[in-house]
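Read through the structures below before going on.
The same subunit A turns up in both complexes below, where it pairs with subunit B and then with subunit C.
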Partner chain A sequence: MELQAVLMAAGGGSRMTDLTYNTPKPMLPVGNKPVIWYPLNLLERVGFEEVIVITTKEVQKMMSTDSKIKEVRMKLDVVCIQEDGDMGTADALRHIQQKIKTDILVLSCDLITDVALHEVVDLFRAHNATMAMLMSKTHEFTETVPGQKGKKKTAEQRDFVGVDHSGKRLLFMANEADLEDGLSIRKSIMRKHPRMHIKTGLEDAHLYCLKKAVVDFLTENKSISSIRGELVPYLVRKQFSKTTNSSKIKDDTDDQSQKKTDNVANHELVISSRDEGLLQLAQERSCWNDHRGDMSEAYHGGKLRCYVHIMDQGLCFRVNTLAAYIEANRLAPKLFEEPAVHPSAVISDRCQMGSDSIIGEKCQIADKTSIKRATIGNYSSIKEKVKVANSIIMHHVTIEEGCNIQGSVICSNAVIGRGADLKYCLVGNGQRIDAESERTNEVIVGTNQLMEI
Partner chain B sequence: MSGKGGKQSRMSDRKATGDEDEEHPLQAVLVADSFNRRFFPVTKDQPRALLPLGNIAMIDYTLEFLTSTGVQETFVFCCWMAPQIKEHLLKSKWCRPTSPNTVHIITSELYRSLGDVLRDVDAKSLVRSDFVLIYGDVVSNIDVSQALQEHRHRRKMEKNISVMTMVFKESSPGHRSRCEEDDIIVAMDSKTHRVLHYQKTQGLKKLQFPMNIFHSTSDEFEIRHDLLDCHISICSPQVAELFTDNFDYQTRDDFVRGILVNEEILGNQIHMHVTKDGYGVRVSNLLMYDSVSSDLVRRWVYPLTPEANFTDHKGHCCTFSRHNVYRGSGVSLGHGSQMEENVLIGCDTSIGANCHISNSVIGNNCTIGDNVILDHTYIWNNVHIASNVTINQSVVCDRVVVKDGVTLNKQCVLAFNVVIGPNISLPEGTVLSMHHPEEEEEDDDEFLSDDAEVGQSKDKTKQKVFNPKEVGEEGKGYVWKANSLDDTEDEELAHCLWGLVLNPDPESESEASEPEDPDDPVIPSPEMDDVKVFQMEVLGTLQRGLEENIGCDNLVLEINSLKYAYNITLKEVMQILTRVVLDYPFQQQGPQLTTAQYVALLLPLLKKWAPVFKNYVKRAQDHLDCLSAFEEHFLEAESHWAAMVKVLMNMYQLEILEEEMILRWFSQGATTDKSRQLRKNQGLQKFIQWLEEAEESSEEEA
Partner chain C sequence: MQKATLLSLDGSEKKDEIERAKNEGRELTKEEKQRLRKEKKQQKKGKEKKDDKTPKGNEKEKSAPSPAPTPAPTPQPPAQAPSQKVPCPVMAGSATETTAASEKPTKSKAELKAERRARQEVERASKQGKKGDGGPQAAPSKSKVAPSELQPVVKRLPEHVQVDNPEVLKKLAKKLERQQIPLRSDYGYKVSLFSHLHQYSRKAPLTQQLSIPSTVIHPAIVRLGLQYSQGIVAGSNARSVALLHAFKQVIRDYTTPPNEELSRDLVNKLKPYISFLNQCRPLSASMGNAIKYIKKEISNIPSQCKDKEAKSKLLNCIDCYIDEKIILAAKAIAKYAIEKISDGDVILVYGCSSLVNNILCEAYEKNRKFRVIVVDSRPRLEGREALRRLVQRGISCTYVLISAVSYILPEVSKVFLGAHALLANGYVMSRVGTSQIALVAKAFNVPVLVCCETYKFCERVQTDSFVSNELDDPDDLIVTRKGKTQLENWQEVSLLGLLNLVYDVTPPDFVDLVITDLGMIPCTSVPVVLRVKNVDM
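And now, the complex of A and B:
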């Protein structure tokens, strides 16, 4: 086994609480499949046979009953962590350290992508990298988002990602928020990599290949709690720090604090790998070089290397906001060739249905309905003369006669009263919309849900 | 690199088409002065533009480059030794009536910098459209027509936004043709090729880029350290105007910095053109002279090769044979002498027997004796070298006489007319000149002010004697040492002639000495806890309040907002405020304050901030909290117990604290030994007693 897959599925979905109030993020339906199914499918397609899934008790329970998850043939090794233990992704890795025997592939449960996964893994293999990760161009969400006034502001802090001339080696990574005093780069880095591309329009897909030694390093270094927030920037920085590149630092440890010497020991761990001796030999004997302009050894003798695969084309984004969720429902079904209508659904002949709609298991759709660009979840029933367009309807939803639903998201177990007119609304779990009501651009959730926020 | 065959035809094509849509012929401004003294003392006798490089004056390379790019009118600006340059140009092919490039020579003693030249260009309104700006010591074969087209296109698309296109050549760091001192870092917009940041990197360890350069609409930038600044720029006529408007612009670097910094105000932009092939280097010091000379002999600057005789001098032709050996006409070579490789020998030079010559350039009319070893040596014209001489990586100027048995170690310079030897070995880096170093200073004055007395300095020179230890028995010349020159305030002179080459591998050294990155925390530091941060913020607020004389109301407002920001309870606010104020004198002056000083500092502060306290200290519990913080503070500062009473008294008088509460605190608060001890303090007891009495009396009155 070359890589062990670790799926992080314990996140609560804090950026879309309206949706995740009753359904945890991994189980939100996207194209009538839970979100977590997509990364599992990605792994299965490339031939993984076993996945460690880190999640909560609640999700585990739901997963065990979900029909789509049951279709996954891989062996799922589900590890539960405490729900409100405030555990970061790195903490979670530390938690399962015992299970990790080789290098790992970590990914987040909300990743929806059609990436050729081997691109990332190949970088990891080819350069004997410490870390390889996936990034993509920031996805632009085009759909109107319920309850959102005006255009979404793009004032979010940009990530600055620096790569070398080949666009693969990751040299620099920082968030705009940390760069108030300007961007600063050591000259020695520029001498080694004289042409650095700084890209700002990228998004981290939260998919990382990590050396086993990094996990060991994490167990030693308990202060790192998040992979994206702390570990990755740390590794990127460490590529060029001297401690990792030369071993002579050991000599002058006397004046350093105990903590620091501990760290030095950790770095030694980071750089060592199984075939170190052979690799060294191969590098010595080879005339191959990763850079031009001077004759110094490949990688300039650095042993810690980070690489990034940047997707130019294709689909890659994370379902972590309402906008992303709507977009995912629109795009995800196109990734797979599956019948749009579940065989067990009962659909009246006199229903106008666009080919871009999906109808779930055991749905009942009555006469004179019109369904366009919509996803309708399992066990939902849609009564006569209902018009649904550009909407997502989750499971067990009842829509009474004559409703008009447009650009909305309706969560599970909701009931929409007769003749209601909903435009760009989000209807929370189990909500009941009065008959004949007209709602536009609203978020309709239960009062107790509001309190929580 | 020799794939430049089609260049000539491309040039003519371009010219033909260029003339149709461009009314004005392409113009160039050539600055035949470096405005620095890097080649001193060599340039005391000959201006830099006329120094021979491969036996041809440098300015000829520049003019040839301009002509081959399609420049039809060139303005040559001269200052230092202008008559010599003028004479040279008038004799050259550029001033013949058939020359495709009309050369105008403009001289003035008053030019002090590139800025002056361009201001003069503006004043005389010489340029009519885009022009090429170049120095007289640039050797290049770059085809700038593409850069020119891009520049014109940009100017067409966005009128007068782009004012300059800088030409760079791609070359890795540490490349021989890159001048260490001239190393640059450029931040550019990947799509538009706009220069966002331009900086010399010499002596820097960290490269800083201000964030505002990344605020443009693009999302892709490049930071490039693999560029060699060719010092060729394509400028729009605005450049000259901008120099006039900004009289503080002296150099092109000033200009570039000014434009980039004021981009938002002036709206002018600078773009860049990067060429992958071609050659373009400015000979900015002797090390670069060495590199460019050897590149020239190795034919990297094709079609500008030594045998091409592009200057069209009669009798200056030479033949080219393998191993890059060039021989002028009338060269005689003695028996057993070898020209190993990369050797260029000028006309009518005779070489004796058993000489070894490699990687060297020898000028015209030189005589070289027997058993001479030359390596990386540049010998100019009319030089006499006797027998048994060894010269290593050195420059020997015109009319120098090197006598028997002389050894020149690396990086020696023998300036014009020096005589050396016999039987002497010059240490590495020796510079000899017929001009005395001290004369230099007076010259300097003369150079700057017109009315210096020339005669005086001449008298002095005559009195000086050559030191035979330095130049040999029959030698003539004075030793120049970069560091012996006493005007160290002049930065230009602090640099040595050869540039910063003596350090053989500056990279490795700079890296070795690089300290562990300070902003590279080994362990991410745990977040400061909110109370601590709040305390710091309160301290900062009060400090600012004092400095800027902010009213107490506003201070309260700020502290309140901080309270919400850090989620601090009212009790904590009280305690922290009290502590901060009581600690304030120590914070400002250090812990060594005496008790008297402490009180003197604190009391006015208390008075000033009393309203702030009153705002928070209202209920009975507030008083007690405040007092417990007070107690805590003094428990830590045991030596200042004497101050305690005064402070407490003051707080009482300012009506921050009520007597009832003070009494309650005094009687109840003691929980530890220390606080009991504190209460036994004499002064405090007296104060309490006084308070009790006052209360009694007031009760009585009531």
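And now, the complex of A and C:
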């Protein structure tokens, strides 16, 4: 078996609490499909047959009842972890260490992308890399976000990513938060890679191919708890550390266990394989080098290599903020060739529906409604003379007559009273909007939710 | 055991079972599939017996004078390679037929042989009568006779790569489909003289069409294929070593399925892998020989040998092969070559040959005083790597491009060339540009020494570089200077074709000596070495 897929779906959605306080992030509907369906679909399309899903009990329960998830033909091995526990992604990997038998592909549940996955995996295979990841140009969100008080949102912490001249080898990675005085690059890196391109407009897609040795390393190093925050920068730094470069290549006559006991003391990443001698011979005899201009051999003799595939075309973003969620509802349905209107929806003839609207299962749309650029969830009912534009309506929502809803997000089980006028609002789960009320740019959530904050 | 039961079962019974299976829609077992295939073959033979196809006869004529089949493309040729001559297609055909369809009932084979002999007598008698018609007619009639005799043993000699022949392409596609390997599509306009060869683009790897955790193909082989197509593993020796390393991993992960024998099943498992690697990058002669060796070793495993033993035996064989044929051979060649290097020599090398680099480094260790001129050529610019390795050791080098070779040759005292393969008629197949250098060196009366291990000796015969070659990605020729890429849209210019050849052949008149691990031989002794090798094997 070559790769095992691991889907991390235990995250809380801390940056969009208004949406997630009732529905866990993996199950938020995007284009009437739960968010977690998109990475599962990506894996299935590419040819995976099994996925290990790390999630909470609540999500597992919801997944088992969801019709879209049931359509997924892969075997889902769901591992539940405590949702209140402070488990980082690396901790989760440590938790399932027993199940991991080979190299892994770690995905985040909120990734929506149409990347050709073989690009990332080919880098991993061809260069025998320790890690290969996916990044894309930051997606600018242009839609107005409900609840924003007109101020421009605070700049997200930028990532500084350094790649070599080919644009594939990852040389440097740091977050703006960690760089207090300035960006400092070690001389050893500059000596080996004199031309480095540093990019800041990139977004990490949280898709990583990791060697099995890294998982073994994690079990010994319990201090690392997050893949993105700690493991990745550590691996990138370790590429150029003196100890890995000068590690002796042992003969493959010893067995693996001996090597492990030798290295467990000093937290080294053992990236050796059997027949290391033969691989070395092949590399020596090959007339290929990944760089030129200096006297060193291919890869500068380093055993640890990190690669990145930067997507410049195509769709790739993570649904972890409200703005991203709204954008996702716009773009995600375009990825698939599915009919916009679910066959079981009941739509009356005199309703004006734009071509880019999505109508879910068993919806009821009455006469004289106008629906433009909106996503209507399953089992929702929209009464007469309602105008819905640029909005997202989740499941089981009832919208009474005469309402006018623009640029808003209405969560599940909400009821909008008759004649209400909502502009750029976010109506939380199960909320009731009184009739004839006018709200603009507000976040309407329950009082118990407010208490949590 | 298994075979016997197959034979003893009544043919019709098996057929019913297959029909039932098909109707039930369950998957046919391997035996049933083989049985079906046999039936189809029989039916085809029956049809061909009735009508003596002339195109078949003409093709037979074409294939008869054609050179020996390449050992690389299909696994069939190894059995046929020893018997090359024109009247032998019949014999070769029957030999492969016996190996391929080993479960054919023996009585029908004897029957067919008897039929064939009877027909041969009749034809010979009739030919005696027709002798007066003249020579040229005898040849076509003979070749026409050959296919009709071959009807019961339909096995054509495999042709060279023929991408411009849609029939051959269809056959290849069918074979790949059967093995569940995706077909790699050609890219770009091909120059007409080379339109019979494949031309792939590096930006469209074969892994695009494979599932990501590859289940059909062993992951080590997928990795190897990727490294080949991206050029990470390049050079004859490196490719062979990497191939054997991947095979070792395949053998380690292999388990014999129940009711199968390791000696037969493992060979069948390797066939799709070899097709896959061929699709990624056409196999080299050294790889072909290595594969032949492995297949022979696998089929020689006795059937009562246990899995674990057999596997360790095979792994051992592979290690021995690499040790003997590559590592020790390099040492032996270095020893012979150093005798030819004297103090004050100016040695010219071309491109990056691992063997020549090894020789020069060893000679330097033995305190010979010489300097090296490295000649390089676009688009690969492999000379830079050779330059780096030599300079790292402390050898003083000069670097020129191939366009300056006639300028630099008056300074040169010897030319050392590496080889990709040595052909049976003494021609040297090597990186494109080698024959140019050998030609110019000959004109300047500079001795040309070719260094080549014996495992690269190939039974093919070739006199020109057109018939069998490799086309690399044409986009490699595009270069960006000062921000401008002139050839960016070369595909839109209708009269423009980019050609990126990889190999060329050097005639033996330009080569003065071939240094092999068996000693220093003239170019024309290559067939002798091959003969000796075959006797050994």
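Everything below uses one rule, namely that the second predicted complex is superposed on the first by the 421 of 453 C-alpha atoms of A that agree within 3 Å, B and C clash if a C-alpha of one lies under 4 Å from a C-alpha of the other, contacts with A are read in each partner's own complex, and residues count from 1 in each chain.
Here is the rule we go by: contacts are C-beta pairs under 8 Å (C-beta built on N, C-alpha and C of every residue); 3 or more make two chains touch, one makes a residue touch a chain.
Small disclaimer: the values here were computed from a predicted structure and weren't measured.
When the two structures are aligned on the shared chain, A:3 is found in touch with subunit C, with no touch to subunit B.
In the superposition on chain A, contact is made by A:221 with subunit B only, not with subunit C. Once the two complexes are laid over each other on the shared chain, residue contacts for A:346 go to neither subunit B nor subunit C.
Look at A:234: by the touch rule set out above, it reaches subunit B but stays clear of subunit C. In the superposition on chain A, A:127 makes contact with subunit C only, while subunit B stays out of contact range. Residue contacts after overlaying the shared chain place A:278 against subunit C, while subunit B stays out of touching range.
Of the two partner chains placed by superposition, A:177 touches none, neither subunit B nor subunit C.
Residue contacts after overlaying the shared chain place A:288 against subunit C, while subunit B stays out of touching range.
According to the touch criterion, the shared surface of subunit A, contacted by subunit B in one complex and subunit C in the other, consists of residues 292.
Those residues of subunit A that touch subunit C in the complex are listed here as 1-5, 46-49, 105, 116-118, 121-122, 125-128, 274-275, 278-279, 281-289, 292, 295.
Taken in their complex, subunit C has these residues touching subunit A: 205, 207-208, 210-215, 219, 222-223, 226-227, 230-235, 237-239, 241-242, 244-245, 248-249, 252, 322, 326-327, 351-352, 354, 382, 384-386, 388, 391-392.
Here subunit B touches subunit A in the complex through residues 171-175, 185, 187, 190, 201, 204-211, 214, 219-226, 507, 510-511, 514, 516-517, 519-520, 522-524, 526, going by the rule given at the top. The touching residues of subunit A, counted against subunit B in their complex, run 158, 160, 162, 176, 179-188, 190-191, 194-201, 221, 223-224, 230, 234, 237-238, 241-243, 259-260, 263, 292-294.
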